[in-house]
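Both of the next two complexes hold chain A, though its partner changes from chain B to chain C.
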Partner chain A sequence: MLGINKMAGENRTQESAEPLAPVNVPGPETINENYETVGSPLVDNPLVKCRNVNVHYGEKQAIFNVNIDIAKNEVIAMIGPSGCGKSTFLRCINRMNDTIDICRVKGDIELEGQDIYNRSVDAVELRARVGIVFQKPNPFPKSIYENVAYGPRIHGLVNRKSDLDDIVENSLKRAGLWDEVKDDLDSSGTGLSGGQQQRLCIARTIAVSPDIILMDEPCSALDPIATARIEQLIADLSKNYTIAIVTHSMQQAARVSSRTAYFHLGKLIEVGETEVIFTRPLHSLTEAYITGRFG
Partner chain B sequence: MSNLIREMVRSNLKKRYQAEQRFRLYGLASVGFGLLCLALLFADIIYKGAGAFRQTVVEVELYFDPEVLGLNIPVETDQIRSANFDGVIRLMLRERFPEVTTRADRRALYGLLSVNAVYDLQALVMANPKLIGQSRKIWLLADDDVDMYYKYGREGEQVGRLAEISRIWVEQLADDGVVKTQFNTGFFTNGDSRDPEISGVKGAVMGSFFTLIVTFIISFPIGVAAAIYMEEFAPKNKLTDFIEVNINNLAAVPSIIFGLLGLAVFINFFGVPRSVPLVGGLVLSLMTLPTVIISSRASITAVPPSIREAALGIGASKVQVVLHHVLPLAIPGMLTGAIIGMARALGETAPLLMIGMIAFIIDPPSSVLDPATTLPVQIYLWADSPERAFTERTSAAIMVLLAFLIVMNSLAVWLRRRLETRW
Partner chain C sequence: MDLSTLVLVLIAVTVASYYGGVMRSQALAGPLGGIKHLAALPSYYGFMAVIWTVVPALILLLIWTFTESSVIANMVIALMPPEAANLGEGELSLLYSRVGNVASGIMEMDTLGEAYRPAVERLVELDSFTAHFKPLLVITLAVTGALLALKMASAKWNVRYPVERTFNILLFLSSGIAVLSTAGIIFSVLFESIRFFQQIPLFNFLFGTEWSPQIAIRADQVGASGAFGVVPLLVGTLLISAIAMLVAVPTGLMSAIYLAEYASKKTRDIVKPLLEILAGIPTIVYGFFAAITVAPAIRRAGESIGLEVASESALAAGLVMGVMIIPFVSSLSDDVITAVPQSMRDGSYGLGATQSETIRKVIFPAALPGIVGGVLLAISRAIGETMIVVMAAGSVANLSINPLEAVTTVTVQIVTLLVGDQEFDNAKTLAAFALGLILFLITLGLNFMALHIVKKYREQYD
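What follows is the complex of A and B.
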C-alpha cells in the first residue's frame, strides 16, 4: 500500500508542475471549531443527511460539526489520516457508537428523512437497514450457512427453510463467495481465508437487504488479489446499494467511489466528486494528503 | 558485524543459555517436587486403604433348626423377622469348638462373627423360607477384629485387639480352609455403621452427590446470570465497582463463615431441616457462587469483542448477542469454572459441620431432604474412630473422594472439549 501511495505522490508532484489554480485555497490555519466543509458535501434528495454532527469520547471530541449528505446508490469514500475520526463518523450512521459507553453523539442524522437518533427509532431496526462491514473480518464461529442466515432469522424475514436457503444462496452469490463455498456451507465460517471471511461478512450484511452498507476499511487485512475481488464486489453492489466506505488506500477510493470525503482531525475538510478530489482538490490539506505529504 | 561485537554476542549468548537452562531446571524441579508429593500422598493412602476393599468372611454350615429359631411350621414371614438366628449361629460355633466352655470364652467365641451376620441370614431365609429345617453352607462376615487379624496380624503385624484365644480359633478355622477374603461390596453399598465391617460409603457418596447437585443447580445459573449482567449490561459506575470488589472478597471468606450464615439463615430463619443435602447444597452454593461468577466473567471477557460488534452490526439486540454468540463461546469456560468451584465444595467439611451434616446417619439418603453426611465429613468421622478397621476405611474413603474428584474433573474436560470442538 505504502509503495502505491508514494507513487501517487510522485505522480502528483509531476502534475503539480502545472498550476492547480484552486480558486479559494483555505490554508490549514483556517481549520477552527466552526470550520465549514469545502466542495459539495450536500446533494439533492439525500438518503442520509448529517447535520452538525459532533461526537465525544468522554471529554475528548472526535468529530467536529460535520455536515454531509449521502445520495442514493452512490459509493462514497471517506479518507483521511489515521485517527481523524472516519470510523467514528461511519459508526454514527448505524448507531454502533451507542455500544460504547463513553461515546456521545450530537447533531442530526436522518435516514430517508427520519432522525435516527430519535427516541422512537430502534437501534436494532436501524442496523438492519444500515449494515456494516468491519475492518477485520469477524465471521461468527458458526457454519457459513448460519453466518448468512443469522440476520434474516433474527429479523424474522423468512418463515420457511427454503426461503432462507434462497437468501443465503443469493447473498453468497452477490458477495462472490458462492462458488467457493457452496459445497460446504456447514463448515465453519472462521475456517475460511481472510478474503473469503470478509466476503462472508459482506454476504451476511447484504442478507438482510440493508438500504445502505457501511464499510470500515474492508480490505485492510487482505492481499491485493482479495482486495481486487472485494473492490469488484463493491462495484457490483453499488448497482443496488448505497455504500459508504472508509479506506486508507487512495487508489481504492479512486477506483470504487463516485464521491470522496476527506477528514482531518475530526473535521470534514472537503467533499467532492472523486475525480475532482484526486485531481483538483480545493483545500490545501486535501492536496497535501492525497499527494502523500502526510497521512 | 565486527569480530569484537560477534565475540561479545557469543559470550553473552552462553550466559543467556545458562540462564535459560537454570530457569528450565527450576521449573522442572518444581514440577518434580509437586509430582513427588502427590505420589507420596497416593502411595500412603493406597497402602493404608487398599485393604478396606477386601473383607474377611468365614464359611459355616448352619442348620436352620425351627426349634432354635423359635418358629412354628408352617412358617409365617412375619415370624422370620423375630426368629432367633443368633441362636443358630451360636449353636454352630459351640459345636465347632466344643472345648470352649466358660462364659467369657464363649462370648469371645460368639464375637468371631459380625453381629450383623444375623441380618444376612434373616434376608436369606426371608427370600427362601424352605431353608428352615435344612442345612446350608454360608459365608458369613467376620468381626472387624478378626478381619484385621486375618488380613494383617498373621504376618506378625501388631494390629487390633483380638484376644490370644480368638486368634487360635481363627487359625484353626483358617486351617479348615473356611476363612477367606473377598471383595468388599458392602463398602460401596452400605451406609455408615458403628461396626466397621458393615460400614460403607454409600451414604456419604449419595450425600455428596445430592449436595453437589443442589450446589450446581443453584450456583451455576445464578453465577452465570450475575456474570452476564455485570459484564454485558451493568453500567460501569461506583456501585458496580463496589459489587465487584465484594464478590472478589467473598471468594476469600473462610468457608466456616458460610456455615454459620447457613445455620442462621436457612435453618433458623427459613426453617430448612438440619443435616439434609438441601441445606448443605445451599450453603456450599453461597461458597461456590463467587468462584462461578469470577470464572464466568473471565470467560465472557475472553469472547472477542468483534463477535459482539458483528452481531450488533447486523441488528441483533443485546440479549440476542449474549444468548446467540457470547454464551455459546463462554459456556465451556463457565462450566470449567463451576466444576472447579464444585470440586472445592466437594472437599468442604467446615461449613457442613455447622449445619449438622456431621450427624451419625446409617441410611443412605434417597433425596435432598433425607438427613445425610458427605464424603469429607465421613472421612473426618472415621478418622476420629478408635477401631483399626476404621483407619483403613478412612483411607479407602479418601480414595473414593479422590475418584469422585477425578470423575468430576474429567467430566469438566470432556464437557469443555465437546462444547468447544463444535467449530
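What follows is the complex of A and C.
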C-alpha cells in the first residue's frame, strides 16, 4: 500500500532521481534559510508547540527554524537521512540537550502553553513530564524493580511501599514485560535480553506518568522480533500517551505513527498524515527519501 | 678488546646485516619483477639477517661470560700444590684471589711461594687467551650468521613466520623478567624469614604484644630482652593507615566527583594536574613537612585545649600520609567515574533526576567497584609507606590506639633494624625480613582483593 517497496540501492543518488514531484511545490534548490515546511505541521490545541526552533552545536547549526505541533495522544514519527537533526530536535523537547555543553537552543517550545525554556521552568521537572527512551537500551545496573522504582522514588510520587509495588507492577504490565519478569524482580536489569531491556526502559519511563514519551530510534539496536514487540507496545501505549518517535526505518514509521515529519539537513521539509506522506508526498525530497532514492 | 668495544662492533655488524638482508631481498625481487613477488617484505629479510647475526653471537657471549671464571678457576686450582686441595671452601677462595692478585701484578710472587708459580702462569695465560679469543670468536660467529642468513634468503621462503616467532619469544622473555624478579624478591625475603623463625617461634612473633628487638650481646647487658611480638607494630601501622584513609578517601572521592561531574573543562584542566603534583612530591619531603610543621602544630593545638600530645604523634603522620594519598584515590576514582557510560546519565536525567541524584543513585553505585579497588590500592600504599612514618611517627613500640601518642609501624622498624652495622645471623636483623614478609603478604592480599573486586564487577553496566 505504501510507496516503500522500491528497495534502496537501485538509484541511490539524488541526481539520477526521476522528476516525480508534483508541480507548484518548492524543489530542493529552494531549501534555504527561510524554507517553510509544506504539509500540515500545525494542529489545533497542540500538546507541544514548537516555533522557530534553531539549534547550534558550537559554530555549527544543526536545526534551522523548525515549526511543528504535536497533538495530544498522537504518535508522530520523525524520519530523515542520518545527520538530519531529527534526534537533536527530539532532545530539545525535554531539554536533554542541556547536558551537552556546546549545544544552544533558540526559539519557543511550549508544553501545554508553557515555554519550557523559560528561566522559571526546572528542566528536572520538565523531564518527569516528558519521558525519553534512548536508542541503546540503558537500564541502570540495579534490579528490575529498582530500575522501575527509580523515577517514582526521586519524584516522591509514593509514600508507601505497597503503592510503589503497584506502580512497578502497572508500569511493567503496560510495557508488556510483567509476565516475563514478575518472578525475578530482584535480578539485575542488565541481565535481560536487548528487547527486554528496552521494554524495561519504557516501563521505567511510564512509571513517572509522563505527558509525552520521546523515543529516539528505540528499535535500532534490536532484532526483528523484539522490534515487533516494541512496535506493538507503541500501538498499545498510544491509547494513553502522546509519543514522538525518531526512526530510521520508514516501514516502522508507516506502521506505528499517525503523523510523519520529514527532516532534511536540519530543516523540517514536510509534515503530514502518515498515509499521505507515504503515498502522496508534497515535496520532491520527501518523495525521493521514501522511495529509497537516498538516505 | 674490552666488552664495550665488542658491543659496538656487534652493533655495527648487526646494522650492516639488516641492510644486507634488505638489499639481498631486493636483488632477489629484481628479476621477478618487484617486491610483491617476494614471500615477505624486504624489512623481514633484514630482521631475519639480524636474528641470525645477534642470537648465536649473544648466546655464545653470555655462556662464555658466565662460565669463564669458574672454568678458569678449576684449571688454575688443579695446578696448585697438593696442600691447597685440603683447604676448606672459604680458604681456597681466599687463596685463589691471592693467586689472581699476583697474576695481575698487584702482589709479588714471593708472598705466595714458588710452589704456586705454575698456577699463576697458567692464570696469566688463560686471561690473555680469553681476552683475545672471546671477542674474535663472537664477532666471527656474528658475521658467519649474517652471511648464512643472506645465503639462505630466497624469494619463496616466507621469512615473516620465523621473524614474528622470534619477536614473540623476545616479548615472552621480557615479561618473564618481571615475574622472575618478583619471585626472586619473594624467595630472598622468605629464606631469611625462615632463618628468623628458627630462632623465634612463629606464634610468639605473630601474637606477641611486646616489641623490643635489642638482644643482649654480652651477658651483663640490661634492658635488652629481645621480644619480637609484631602486634604493636601492626596496630601502629593500621592506626596510621586508618587516619590516612579517613583523610584521603572522603577528600579524594569528593574531588573526583567534582572533577568528573561538575567541573568545567577549564577548571578540570587546571585542577587535575595540580592534584597530581601532590603525587609527585617525594615522600621524604612529606616526611619533614609532617615532622617539622604538622606535628608541632598538632601538639600546640592539643595543648591549647588541654590535651597531652606526643611530639611524634600517629595523628601527624597519618594526616600527612592521607594528603599524600589523595591524588591516588581521586585519580583512580575520577577514571572509573568518567568510565560510567553517558547512557547511564542520560537515562537518569531523562527520568527527571537532578545531577546530584544521578551521581548518588546511578553513577556512584555503578562506579563503586572501581572506587573500592582504588581505595584498597591506596591502603596498600599507605601500609607500605616508609619515609613519612620514619620521620614523623616515632620508633617507640607502644601498643596504643590513641592517635595522639607516638606509635611505630612495620616499615619504621625494618629501617631501624637494618640501619648501621649489623650481623646477618642474629634474630634482630633477621626480624626485618620477617616483618618485610608480613608487609608483603598484607599488601599482596589487599592488591589481590582489589583486582578481584574490580574484575568481578567491571562489566556490570555494559
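In the analysis below, the second predicted complex is superposed on the first by the 273 of 295 C-alpha atoms of A that agree within 3 Å, B and C clash if a C-alpha of one lies under 4 Å from a C-alpha of the other, contacts with A are read in each partner's own complex, and residues count from 1 in each chain.
The rule is simple: a residue touches a chain if its C-beta (ideal position, glycine included) is under 8 Å from a C-beta of that chain, and two chains touch if they have at least 3 such contacts.
Quantities reported herein were computed from a predicted structural model and do not represent experimental measurements.
Enquirer: After the overlay on chain A, what do you see for chain B versus chain C, clash or fit?
Expert: By the criteria stated at the top, chain C and chain B clash after superposition.
Enquirer: Quick check for you: in the superposed arrangement, does A:Ile154 touch first (chain B), second (chain C), both or neither?
Expert: Once the two structures are laid over each other on A, A:Ile154 reaches both partners.
Enquirer: Check the residue A:Pro41 against both partner chains and state whether it touches chain B (first), chain C (second), both, or neither.
Expert: After superposition on chain A, A:Pro41 lies in contact with neither partner.
Enquirer: Tell me which partner A:Gly85 touches in the superposition: chain B (first), chain C (second), both or neither.
Expert: Once the two structures are laid over each other on A, A:Gly85 reaches no partner at all.
Enquirer: Considering only the touch criterion stated at the top, classify A:Gly266 as touching first (chain B), second (chain C), both, or neither.
Expert: neither
Enquirer: Does the superposition put A:Arg127 against chain B (first), chain C (second), both, or neither?
Expert: Both partners, chain B and chain C.
Enquirer: Once chain A of both complexes is superposed, is A:Lys136 in touch with chain B (first), chain C (second), both, or neither?
Expert: Both: A:Lys136 reaches chain B and chain C.
Enquirer: Which parts of chain A are touched by chain B and by chain C alike?
Expert: 94, 96, 99, 101, 124-128, 131-132, 134, 136, 138-142, 150-151, 154-155, 188, 190, 201, 204-205, 208
Enquirer: If you look only at chain B, which of its residues touch chain A in the complex?
Expert: Of all residues in chain B, those touching chain A are 235-236, 304, 306-317, 320, 324-325, 329, 423.
Enquirer: Going by the contact rule set out above, which residues of chain A touch chain B in the complex?
Expert: 94, 96, 99, 101, 124-128, 131-132, 134, 136, 138-143, 150-151, 154-155, 188, 190, 201, 204-205, 208
Enquirer: Can you check the complex and tell me which residues of chain C touch chain A?
Expert: Per the touch definition, chain C meets chain A at residues 264-265, 341, 343-354, 357, 361-362, 365-366, 460-462.
Enquirer: Looking at the complex, which residues from chain A come into contact with chain C?
Expert: Per the stated touch rule, the residues are 94, 96, 99, 101, 124-129, 131-134, 136, 138-142, 150-151, 154-155, 188, 190, 201, 204-205, 208.
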